[in-house]
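What follows is a group of structures, each given as structure tokens.
Below, chain A partners chain B and then partners chain C, in two separate complexes.
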Partner chain A sequence: MERCAQVLNRALHALFTERADVVLIGEDLLDPYGGAFKVSAGLSTKFPDRVLTTPISEAAIVGIAGGLALRGLRPIVEIMFGDFTTLAADQIINHVAKFRGIYNGQVSCPVVIRTPMGARRGYGPTHSQSLEKIFLGIPGLTVVAPSRHHELGALLRGAVLESHDPVLFIENKAMYAQPHEPPIADRVAEFSTRTSADCFPTLTFSLNNFAAPDLTLATYGGMTPLALQAALELATEHELFAEIIVPSQLSPLPTTELQASLSTSRRLLVAEEGTLTAGWGAEVVARLMDITDFPFASARVAAADSIIPTSRPLEEAMLPQPADIIAAALKLTASPRR
Partner chain B sequence: MSPETLALLHARMVLIRTFEESVLTLFSQGELFGTTHTCIGQEAIAVGVLSQITRDDIVFSNHRCHGHYLALFDDPVGLMAELMGRATGLCGGLGGSQHLYRENFFTNGVQGGIVPCAAGMALAEKFKKTGRIAVVFIGDGTLGQGVIYETLNLAALWQLPLLFVVEANGFAQSTPTALQLAGSITQRAAAFSLRTAEGDGNDLASVLTIAAETVAYVRRETKPCWLVLNTYRLGPHSKGDDHRPPAELATARIRDPLLLLHAELSAATLVAAALSARSRIDAAIAAARAAPFPTAAA
Partner chain C sequence: MKPIVVEQSDLNSETAILVSWSVPNGATVASGETICIAETTKAAIEVPAPAAGQIFHVFAAGATIAFNRPIAYLAASSAESSAAEQAARAASAPASTSTVKATKKARQLAAQHGLSLETLAQPDVLITEAHVYAALGKTPPSATATAIIAQPSPLPATGARVLVLGAGLGAMQVIDILLHDPLLTPVACLDDDVSTHGQSLFGIPVWGALAQLDTLWSAQKFTHAIVAISTNIAVRKNLFLRARALGIPFVNAIDPTARLNRGVVLGTGNVLCSQVHVGVATVLGDNNFISSHTSIEHHNTWGSHNTVGPACATSSRAVVGDEVLFGTGIFLQPGVGIGSRARIASGAVLTQNIPADHAVKMHAQFQVTPIVPTP
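Let's look at the complex of A and B:
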């Protein structure tokens, strides 16, 4: 099975081969280095005119990509670590995400900003964060964070070629090395799956062939394998069946699958790798409360509100683990359904 | 410069001045809301520089952008409607004073961030081999922003057809340049090996000469250039926020770019320009008042 980084790399090669207007811009992109996580490997050799290696200037890189997009090109930015998106925040929030709206839809600025987020590799406090929550709810910006079970190539292609708005495309760092395992005939290992028809689809996983779930477990990106592992243990050890909802689009938040699952389960557990306060989970819970006309109980599993320690045992303790999901699920299901 | 060209450019400067003075009046009368930044005293730069490019070239302007728009498009009607929040405005009232778009003209209101966007546009035109250039307007106050130096480095490294125009108007909002800027404005760019030029931004003939040279250089060589035009912001930063000593303003008004042209123009030309600008701006205001406000999408 191909690793996720290789799938993304292959998708980039296909985009460059197919389209002469696709450009890649970022730091350390040239072969033989090929980008810090090798997702861009080989591109500079095959397409030397369209791979722009840059100084360490994240703000200028994103701004230049915005200018390229306003003039009709399809730029892809690689920000080496997601932690560095803060350096380009003005460009992302006040420039590329704004142009279409402030000019009354007369232009579009389809920049794709690819960046790795996430921990579990010992990179420490400033190279391990899941900062995507900072960019949720920015009008004009789509935030996409696929899991290893999404069709990564199709998602990247959709971001580059089909979106009118800029896309922040989050690639989980741990996911890079994991095998890419999209559903085959609506199955992933022990799970039955459903895939929504969106450009950035939501996956739903079930261990009881979509019979009524005991709880709805929402997660995304790098937390997905941990959530599936927890769901398996909940089913085999506790006879509790979770329906796991995995959007690839974090913002704007797709709610159809969440709402449908929750209407039966009446229990919502959200698991994310980022720190708890003001996270994606807070928005998921609040949004579902806004739009549903039935009661439900909810809980959130996330990283502790602290820095991400470098030392492995401390990092493991700070990050959400399958055991945390199981404990939260048991507590949530201990009370009768509302 | 022929008398006809001079009269034409002077008339455009008067149009900008009249527009900006009317904007301040409309604000004081409560007909506009939000904020605005006028370019009173800097009209020779807008008209002089932008008369040297074509409509195919790209212009990225900043919060103080009305003069640049009017210099290029001679369209007080669309601009006034935008400032007055009407559906007939350039951007349907969504953008307002600082966020304008038309054809190859763009503006945004956050300091410095427009500079890499303009560089990206110059890069796109170089990539497409169109021969177009990009012009980006900043002020001396904007030189505090780091992204400008990131972009200077890249513009020089990649030889982008980008003309930086620094309107050095003496202020960063309320802060005099002496309190916010160290070193030399031209040497900042020279350090990145850009060609630099510096001139009197209040003297139309000087602006025309230096703009023609620098625009031709950027286009011919496909290289960036850093043009510093020294001027003085005669009006407030935005609305009623002027705390400068009257004596300083009185001294500065001696070098009002419009006043400097008076000796070269007949009284009849001056009167005609003033009357024409007044009636066109009044018509623009009347048209905007009569236009509907946009309706929010359901």
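Let's look at the complex of A and C:
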């Protein structure tokens, strides 16, 4: 099975071959280095004019890409670590996300900003964060964070070619090395799956062929394998069946699948790798409270509100683990359905 | 026959990709010749043959490989070649897994009724309790009844099932302690003394020799272990390390009359017999055997694999190393340090530090004479 980093690399090669207006801009992209995680490997050799390696200035990189997009190109930005998106936040939030609105729809700015986020590799406080929550709810910006079970190539293609607005494309670091395992005939290992028809689809996983779930477990990106592992243990050890909803688009939040699942389960558990406070989970719970007309119980599993330690055992203790999901699910299902 | 491994070259990567083999499977190579190229996120690594010989691949090119695990076997001579080939083939075979997927509740219910889950297996279906009830032609108990049974109780539903290593005098003490503890259930003993086999200690059977440890552990016949050899420290330590190497967790056997004060930190695998006292903030390592009425005072620091006879007493701040053998009725002044592997004779009153690997002997001054009856 191909690793996710290889799949993304192949998708970039396909995009560059298909379209002459696609360019890549970022730091350390040239071969033989090929980007810090090798996702850009081989591109600069095959397409030397369309891979722009730059000095260390994330604001300049995104600014240039914004200009290229306004003039009709399809630029892809690679920010080496997601933690460094803070340096480009002004260009992302106040510029590329605003242009279409500011100029009354006369221009579009289809920049794709690819960046790795996530921990579990011992990279320490400033190379391990999941900062995508900072960029949720910025009008004009789409935030996409696929799991290893999404069709990564199709998602990247959709972000680059089909989106009018800029897309922040979050690639989980741990996912890079994991095998790419999209559903085959609506199945992934023990799970039955459903895939929504969106450009950035939501996956739903079930262990009881979509019979009534005991709880709805929402997660995304790098937390997905851990959530599936927890769901498997909940089913085999406790006969509790979670329906796992995994959107690839975090913002704006797609709610159809969540709402449908929750209408039966009446219990919502959200698991994310970022810190708890003001996270994606807070928006998921609040949004579903707003739009549903039935009562439900909810809980959130996330990283402790702390900085990420470099020590692996301490990092593990700080980050959400399958055991945390299981404990939260048992607590949530201990009370009768609302 | 030599296993060939890729050493970890950078801390950023947990695995490497085996990019290509430079020599085909079964090829003969010279010492130092590059046999394959592995790539981490930071570097490409050329892996040299550690010696001349024939190379047998474990993985195909493109595989993700772990560091320091065999990726190939090298046969230094033709005599080794079939063994190396077999080792490579065995290492590359995927682990076999059961095909039947069922929940724990389903497995338990099927086992209770002697039903084989294989008969219920369908592709892509996780067998639940409901499937088993249906196959048995029984109605599942009502949700209400289950809910009452599932009410949280003060005790966990299942405690540790403890295997006692040793079936001698020490084991009787350990089993007596375990039988007092509602969370620890002794299941059996193992001992190399064949005369104990088939016997039982306070109702706990002796299953056989210690060589069975691995197979019993693989068969999940127990969940935890404890060493019940008290006086032979070498055996006690070896048994502990052997079980630990298998990944077996240990329990502490603490008699209900033992008193552990606030701030005590215990490792694991310790035996604390009747009336033992451990003072505040004392730290005990692993696998210590502390006989009855011994008092380990406050702010002591003890290592592992020590055994202590009855009624010994330390004072505050004693520091005791590893594998120290204490006799009976020994006293330590405050702050005394005892080095590892020291042996302290019964009745000693220690007022100074004892270095590692030293024995303290007593020259008794008393005489034993027959009593002459008075007329």
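Worth pointing out:
As a working rule, the second predicted complex is superposed on the first by the 338 of 338 C-alpha atoms of A that agree within 3 Å, B and C clash if a C-alpha of one lies under 4 Å from a C-alpha of the other, contacts with A are read in each partner's own complex, and residues count from 1 in each chain.
One rule holds for everything that comes next: contacts are C-beta pairs under 8 Å (C-beta built on N, C-alpha and C of every residue); 3 or more make two chains touch, one makes a residue touch a chain.
Keep in mind that what you see is a predicted model, and the values were worked out from it rather than measured.
Model built by superposing both complexes on chain A: chain B and chain C fit together without a clash. Of the two partner chains, chain C is the only one touched by A:121; chain B is not.
By the touch criterion defined above, A:108 reaches neither chain B nor chain C.
Within the superposed three-chain model, A:190 lies in touch with chain C and out of touch with chain B [touch as defined at top].
In the superposed model, chain B and chain C sit 140 degrees apart as seen from the Cα centre of chain A, a figure rounded to the nearest 10. In the superposition on chain A, A:235 contacts chain C only, with no contact to chain B. Touch criterion met: A:73 reaches chain B, while chain C stays clear of it.
The partner of chain A that touches more of its residues, comparing chain B with chain C, is B.
Contacts of A:292 after superposition: neither chain B nor chain C is touched. Looking at the shared chain after the overlay, A:3 reaches chain C, while chain B stays out of its contact range. In the superposed model, A:38 makes contact with chain C only, not with chain B. With the two structures overlaid on their shared chain A, chain B and chain C come no closer than 27 Å at the level of C-alpha atoms.
In the superposition on chain A, the residues of chain A contacted by chain B and by chain C do not overlap at all. Contacts from chain C toward chain A in the complex involve residues 11-12, 14-15, 17, 41, 64, 101-106, 124-126, 128-129. Residues of chain A touching chain B in their complex: 23, 49, 52, 54-55, 57, 59-73, 75, 90-91, 94-95, 98-99, 101-104, 106-107.
Within the complex formed with chain A, the residues of chain B that make contact are 58, 91-92, 94-95, 99, 101, 106, 108, 110, 113-125, 127-128, 134, 146-147, 150-151, 153-154, 157-158. On the chain A side of its complex with chain C, the touching residues are 3, 36-38, 121-122, 177, 187, 190, 192, 207-209, 235-239.
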